[in-house]
């Protein structure tokens, strides 16, 4: 595996994590997961619904993509911890994408509850990937508490506004000792490329793919965008210059009898 | 003749035979155990204890499964 | 060939055009051309240099990439036309990337000379791909004169400043009836993705690849970025929203005994 | 004894045999014809006419080839 | 007069030029002109309309603001020159704001016709203030032709999109030997401040004021914005830093018994 | 007093708050305070320095500007509360600008300590103006705790990076029931104008003025910028349009014999 | 009895007395001369020549004035 | 003969007469009371109590004043 992503000692070949939420059907979801080449996908815990045909469980089984349960819908540390514990029973995994939001209008994290939940889950043996805002202080606190990855947002969940504050993401990266996964806000492929160029270790997309007009094609776009951004980050871009720098040398220019350059 | 109990399953009142275990509850409701988790009165019920855990009158059960999520 | 790019009736599988200028060696150039998967590459006409080892001609022969001669270094319509005619003899091609610049500090096109040269070359049977600034009026004039493609800049050549004025590029696309190829200014992979997401038909990169710290890796990045941007453009992105839109439904949320959402 | 002429090739003065053709000039200079173009006194010399075009005393020749360019 | 603006040898105390177009009434126009403290205002030449009550002429007379006739609506050099000559007769002024547009959808200048008109008008003794796009080459040509001021746009006329390409404006300023007046595109006060901070000598606003919900209040806003931007440009701003720089010194910090800074 | 700013029941004529930190001398500070027309200025509490000539106290007395003590340099709620209490004794004011930072590299607030300090100070009868990051959740919590004003940053203190995330500031404003004062990050006058146009109630500047090359001139710039932004916000800007909207009507255009508009 | 001529003023046909000058045309139309300009058959008519310039049958006159403009 | 005490004032050891009040400490140090605050052993000393508060051997005093701050 070339240039793998390491989280909590495990290696992944893809740096794109896809969320399963928002897909119009399980068929589309499955095709998008395949097109995205993701190796990790987030799922939620919800009450059984006997009327629903098929199951995400079957999609996971067929595609072999590893599920990462989230705690979406939790407003308190207590609920988030309980939800993580239930997910551990359901999926036999101690990995959890921790979300503790403050309200359902912004879906922004509640800093105090988030820190409490992260601490409790780390204590309980979980591998915690923590969804957070783009505050460098909160990101560092989560890292110091023992989170396995920190997942700052680019913009509110589902907003498609891209990375509103690249400077904050960049400051988070400066002090990162665990993987930083850009989560939330991605609207289009270039947003994902920009995240990787900033130096993020991976990108999570859900709505941007599942709610695109053509989710499968957008999944393919995201797969390439994450690769493009990663390669570009590692290849070392040219510096920005105020004025032009010819890519074609003036040396050996022909004298064709007309005026030469001014 | 077996007595029956009333249990709150995912906010719905359901009548079940007295002495029923969590495993049997899932069977009775036709729930495939894969990707499933159970909370009994707000506490997580570990999967390993489902076969031996008995449900009591008035218990609150949450039966959860994996769903699409971002 | 899936979703080909058509220029003057010919179809190309890649939407990335690579320039050959600026590469540290012919070996690196060749490897970058291969990594980029480009099918067209720009070259210049310069005086023979008996001391130079190897030749771009050999690289073209080995890689099979089609050369597109440019008129870099020309300040007048007269010089540009003469250079195009020489290139036609040298490479047996009537295709030309037309550049007529105003000064070597900005390398920005001279609008009047550019229009004159375009007209003369079209009259002389050339297939003209015209490098221009991002002025929607000039782009339309070039199209109306019969250019086969219009190549607006994102920023000055070699500046790496990206697309300074997406709104202008977008206005150019609104009235385009020939391919619009974003040329100049690309600094990194996400810039190329953004160009394609705006709706450009292709992207040309030279310095961004050849002068990157690792040109071959950057070529691979650009290849994916152009694909990502194209797919994303066609997949139909989600709308931008001011507030959050949950990707995880609240329906079926468990009641775990703690406070519910506010 | 053959007369010689002086020709300006890419801004350098070069002595060549009188009556030499463009094709022969390239041969003499060791220039591979691939990717090459010629201008004689500011006018494009079509490749098809190289074998028959004679160079005269004082002619200005530009011999160009494909080079790296953006 | 403090820090006057000089155009063609004349000095002005205000660096804001207001256009008269778009105002809901002559009363509002007059009040806005007064609030803006402008000393120059653009006007158009149009056929007499016997039914129209009052006249811009009266507004000019009462406010004492100097009229600057424009050539709005002209698509050719010929029409623009003729219009300028008529305005000279009507207003006894050889000053003209030269506009030659390519189409009425973008109202962007036609570069070729614009250059022709500028040359003809300079030859005819006019003091030409030339409306242009943000192309540094075209701006330099106009300056070299003898224009008394160059007026690059920030964005299309009336679009309110602000300064789309500050980098181009900045390159224009680098080579300017005549006043550069930012014209078109201003939508709000901060846009005008930004123009002045870039180093522009003055700003022209029309729609941004006359079509605001409260034109008189917006005129007052623009007056202050232009001053703010000018003063800020001259005062020399602080450098941008990646990290914080305390404005409060840590020296002399009390020891209050709790933990000191980490 | 026209359009006053109300904080905790008191009215102020100026919407610019100036910090005293960073000025090269007390003379320059005094002149800048006067030029800024501010009515509130922040000060710190530091150990007496018998060697320092003159005192901020004298500057306050002479200018009549109301001091607002800050808790700069505090990393814990305990220290911040103690510092506020000392300032109350020193200046006989229960107003405090609360700062509790996480580290001296970013000077970003520590969310948990900040909330604790705010609660304690409100309980102790203080009028708390709380410096915070741009997290809409934290801003709302501070407001709900009883802070008299919330002061989100635009960028790190002293960075001069302007408003990095206008979308967050805008979301904070959506839910504000107390004055929102943009604090930290302002680098130049247009930044202050933008803050006011977003709808902020006031702006605080320190380094942007005191460390400018000419602090007094920059203070004058800021005074106008805040007015410009406020007036502009209230005047109701024109909508943004993709294409041009003529400010000069085409009606009554002369027929001068040449080609009419296309 | 005075003859009359027909003149195209701002695209409208207007009948005027023969021999009328530009100044008289403006008077007759009630046009205040301030801020006004005249083109006769596509050529600018200088203000100083209005009193002495005679209008002929079929002439095209453009009478312009200052209007709001951006 | 008056006894003296040693007090830590802003981290510096200073010798002062025994029984000295906070007000007298400020006087002795030449500190103008305007914009000044005092903490004694980590606790805020209210201005109203300065005249009556006595300083003891080993006390830690913080004497603060208004300074430039952002």
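Labels A, B, C, D, E, F, G and H are assigned to the chains in the order they are written; within every chain, residues are numbered from 1.
As a working rule, contacts are C-beta pairs under 8 Å (C-beta built on N, C-alpha and C of every residue); 3 or more make two chains touch, one makes a residue touch a chain.
None of the values given here were measured: they were computed from a predicted structure.
Trainee: Going by C-alpha centroids, which chain is farthest from chain C? Tell me that one.
Mentor: Taking each chain's C-alpha mean as its centre, the farthest from chain C is H.
Trainee: Measuring between Cα centroids, which chain is at the maximum distance from chain E?
Mentor: When every chain centre is compared against chain E, the largest gap points to B.
Trainee: Using mean CA coordinates as chain centres, what's the gap between chain A and chain F in Å?
Mentor: Their C-alpha centroids are separated by 34 Å.
Trainee: Find the geometric centre of each of chain E and chain F from their Cα atoms only, then give the gap between the two centres in Å, rounded to an integer.
Mentor: Centre separation, chain E to chain F: 29 Å.
Trainee: Taking each residue of chain C in turn, which ones touch at least two of the other chains?
Mentor: In chain C, the residues touching two or more other chains are 19, 21-22, 44-47, 70, 72, 82, 86, 103, 106, 108, 157-158, 161, 167, 171, 206-207, 242-243, 246-249, 252, 254, 256-257.
Trainee: Two-or-more-chain contact residues of chain D, please, as numbers and ranges.
Mentor: Within chain D, the residues that touch at least two other chains are 39, 42, 62, 64, 67-70.
Trainee: Touching chain E in the complex: which residues of chain F?
Mentor: 19, 21-22, 44-47, 49, 70, 72-73, 75-76, 78-79, 82-83, 86, 103-108, 156-161, 187-190, 192-194, 197, 206-208, 210-215, 217-218, 220-225, 227-232, 234-254, 256-262
Trainee: Name, in rising order, each residue of chain E that touches chain G in their complex.
Mentor: For this pair, the touching residues of chain E are 19-23, 29, 42-48, 50, 55-57, 60, 67, 69-70, 72, 82, 85-87, 89-91, 157-158, 206-207.
Trainee: Across the complex, what residues on chain G touch chain F?
Mentor: Answer in residue numbers: 11, 39, 42, 60, 62, 64, 67-70.
Trainee: In the complex of these two chains, what residues of chain C are touching chain B?
Mentor: It comes out as residues 246-249, 252, 254-257.
Trainee: Can you list the chain E residues touching chain C in their complex?
Mentor: Residues 102-103, 106, 108-112, 115, 133-138, 140, 155, 161, 164-165, 167-168, 171 of chain E touch chain C in their complex.
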